[in-house]
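Letters A, B and C mark the chains in the order given here, with residues in each chain numbered from 1 onward.
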Amino acid sequence: MNRADRAAVWFALPSLFLVALFSIYPICDSVRLSFYRMILMLPWLGEKFVGLENYADLVIDPVALVSLGVTLLFVGVSAALEVSIGAGMALLLNESFRGRGFVRAAVLVPWAIPTVVSSQMWRYIFNDRYGLFNFLLFGRDTSRYLAPLAEPWLARAAIIFADMWKTSSFAALIILAGLQTIPDELYEAAEVDGASAWQKLRRITLPLVKPALLLALLFRTIDAFKIFDLVFVMTQGGPADATNVLQFYGYKKVFAEGMIGYGSAISVGVFLISLALALLYIKLIGARVLEPGAAR
Amino acid sequence: MKKFLLPLAVAAVGVYSLLPFLWFVLASWKSPAQLTAIPPVVVPDFHWGFYRSAIVNYGLLGYIKNSAIVAAATTIVSIAIGALAAYALTRFHAAWLRWYLLVLLCVSMFPQIAVAGPVWRILDALGWLNRYPGIIVAYISFSLPLAIWILSTFFKELPYEIEEAALVDGCTRAQALRRIVLPLAAPGIFTAAILVFIYAWNEFFFALIILTSPPLQTLPVGIALFPGEYTIPWGELAAASTIATLPLIALTLLFQRRIVRGLSAGAAKG
Amino acid sequence: MKPWPALLLLPLLFSSVHAADIRFVTWRDTQGFLDRLIAEFEAQNPDLKILRDVGPHSSTEFHDLLAQKFKNRDRAMDVFFMDVIWPAEFASAGWALPLDRFFPRDAQKQFLPAAIRANTYGGAIYGVPLFIDAGLLYYRKDLLQKYHFPAPRTWPELVEQAKTIVAGEKDAGLTGFSGQFKQYEGLVCDMMEYILSNNGALWDEARLSGALRSAAAEEAVRFVRDRIIGEISHRGVLAYQEPESLALFSEGRAVFHRNWPYAWAEANDGSKSKIAGRVGMTPLPAFSGGASAAALGGWQLGISRYSRQPELAWRFVEFMTRAETQKRVALWTGRGMAREAVYRDAEVLEKYPQFRTQLEISTRAVPRPSTPVYVPLSNIMQRYFSAAISARDSDIDRLARHADREMDRVLDLLRPRAAR
């Protein structure tokens, strides 16, 4: 077993090294900073160790609490919608039909567009006067046009939709690959046994695609916490903080306001919440995923 | 019933995925006066000025070239390193491997803005700021968690018997990986490759702070430079996004054929 | 034929072996003047080469880029552009070099006073102004003429005029006013123009506390919520930055429009605007008893404290901001410059007659609070303003009280230890 262990190390070493250098070390540094008070533009205040004070301030910060609520809303709704729609698209793309290749490429277009472009595109589409959104709903009757980015709940819906549009492709792709690994024979055998389409879905597809579904859900949830570009371009967190997600708030604290310690605490907060959710998923849906080793 | 549902579903998926983008593509052909017309106009004037402007005035092709280089290099190396790690995670039993996957997951959960400073300093110390290796190595590190997770999930689903047989026959682990696992896990590999490529193609924040010299800037940064102080060149943006998305569509069309159906049917029976 | 292209040959005569590189952090120049100026500078200074680091034009994103470089003590940075709200912050953080030895008081006098004030911190000057922006009111000349209205001098007058015109025109698509009310930095600019013109203030500099709770300030905010947005604008303005608000005006859908000087050229551009030639420009109105207050915007050049060659960097800054250069940039681009003389130059006025009005307005422009903690203050104010004006039944007094408290907490950080 020793030889195998050593081999394992060699295989994992390159990735371990890069991840340790570029992710683990910076993250540890960030966590360290969250225990300090450090304000870039007031260097005379120095870098003072304040223990958990940043966190204490964070849990009573009304803006952060509202942010948390907004973020959890986004994450919950986004992830659920994205994976559902992604699963639907994957099931469709799993069928053979003419032009399937093109539909697959079409499905990937939203994911392939850089967010710096798609966020401007959505800002253009959701504009209250010349946007496609109003045009589709009300045609040329401008008197009935809505202002999606100016009303709190519409703005939230707009951002969720824009995010969902882009990322359901990601989910679709992962779930599709999962569907593709299910051998045909299982379906053929089931048909011979007289199973209906619904039964095939429930008994064969769903259980075997669970790992892919979990993977999609996991990564979509994690990514949903990191929503940033869309908020930055479309609403800047407004109107009145209605779309001020934690990540955006943290960014403003670190970069714009130079409050490094507090901003780092927000990042750690985001991390802890994502972690909690991820662990919850894994426990509920599939502990298997974390287990190494095949030998089945 | 199915015959009717299928085209409907295909149409729905097509419209959902493409309509917003097509609207933007349409905008790229509108004349400046039509871009913000109230109410919007549907049929453009077929004005090609924005494409010319995006390429000549905004240097779009240079940005695409840089993105292509960075994304391709990132993908190849990331998948290679990731496959090695995924193989280790799914074929060996060392205790620490269990934790590695969790660590990777945790690492990907941490907001990127928080790690910007140290990463910048590391690359500065290496002298890799404003150079391809710098951004590529950063992207590889950030995309590894995703790549390894996807590859592990797929490697794990593969039946072990063939490998076992090969190992018994004297094959080394590395050979087993190359000759048996990789071909069988092709769908997973190409999925991971597409997603890593697109990640590297779209990444903005680190590109912004690491690549500040115009000849090296990638597409997302280039496009973020389109807006003026108070003006947004919708036409050029639309033209740029059309041009920039085409290579990705082509790439996808090319690769989606590799995600082959009916995998390992014969292999499983062995 | 212009002489400068021939000068480009000069570097071939002098070998560039001793060339020093000056690194200039800038945004992308969409109007082409930076390329020309840099080429000229390099021709006149063959021992120097300008290397550009380019970031987005958006103030917030450009700030991120600079903050990143400064935070990490990037030594490969000499000259950089600064938005008018950053000098105090950059000075305090130790990022910008004090420029007094290069840029003494009598040289400063040639620039618009408000711009110089914005660049001064703790008695020293940290930036040389290049461009100046000041908020002003645009209006539909043709419509006002039709109803025999003079340009409004007070805000209530503007509202009444807008209502009369919109009712009279019977055009469902026409609205009274277009401005920038999204929750972003521009909101502070727009709102301060109302508050200050009502003799209110954003903060009390001497006492280091917020001043949003005063009757004057709250009245102004209430006016915006109930009358500007409530009566004469679409709800959509709550999501507008400059591009969207200008588009509405250029499409002929708004009678009045608040924006920066750049909008003049855009609104009169026949290829993009439906109202070219029908646009008027005037100082912003005030409330009765108050004076018109235009928010000050603009860009200045600073030198990094971490630069290894400040003298060389200054050569470039001096070139970019000297009278001759500023005049030429004004002629090329039509942008408002920081030197007063440019606005009185006959050649410039011939090409851009609106500079007369612009000078009048820019001279009286008011900078935003000049303090190292401006950005946190701005975020608090943005939050407050957005909450106050976007809900029809917002409790402005309570929101103002809360905002003031938050601002006080931030400003407390500036108090010397003994006083705390």
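The definition used in the following text is that contacts are C-beta pairs under 8 Å (C-beta built on N, C-alpha and C of every residue); 3 or more make two chains touch, one makes a residue touch a chain.
Quick caveat, the model's predicted, so the values are computed rather than measured.
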item: Interface with the most contact pairs, given as the two chains involved; value: A-B
item: Label of the chain whose CA centroid is most distant from the centroid of subunit A; value: C
item: Geometric centre distance via CA averages, subunit C-subunit B, whole Å; value: 38
item: Centre-of-Cα separation between subunit C and subunit A, whole angstrom; value: 36
item: Subunit A and subunit B, separation of their C-alpha mean positions in angstrom; value: 15
item: Multi-chain contact residues (two or more partners), subunit C; value: 64, 68, 71, 173, 247-248, 251, 253
item: Residues within subunit B bordering two or more other chains; value: 36-38, 117, 224, 227, 232
item: Residues of subunit A whose C-beta touches two or more other chains; value: 127, 129-130, 142, 145, 255
item: Contact set on subunit C toward subunit A in their complex; value: 60, 63-64, 67-68, 71, 89-90, 92-94, 172-173, 182-184, 234-239, 244, 247-248, 251, 253, 372-373, 375-376, 379, 382-383, 386-387, 390-391, 413-414
item: Contact set on subunit A toward subunit C in their complex; value: 39-43, 45, 63, 127-130, 142-143, 145, 147-152, 155, 235-241, 252, 255-259
item: In the complex with subunit C, residue positions of subunit B that touch it; value: 31-33, 36-38, 57, 116-117, 120-121, 124, 208-209, 212-214, 217, 224-233
item: Touch list for subunit C against partner subunit B, complex; value: 25, 27-28, 30, 51-59, 61, 64-65, 68-69, 71-72, 74, 173, 241-243, 246-248, 250-251, 253, 259-260, 262-263, 266, 271-272, 274
item: Subunit A residues within the subunit B interface of the complex; value: 1, 4-5, 7-9, 11-12, 14-16, 18-19, 21-27, 29-30, 88-89, 92, 94-97, 99, 101-118, 120-122, 124-125, 127, 129-132, 134-135, 139-142, 145, 165, 169-170, 173-174, 176-178, 180-181, 183-185, 197, 211-212, 215, 218-219, 222, 225-226, 228-229, 247, 250-251, 254-255, 263-264, 267-268, 270-271, 274-275, 278, 289-296
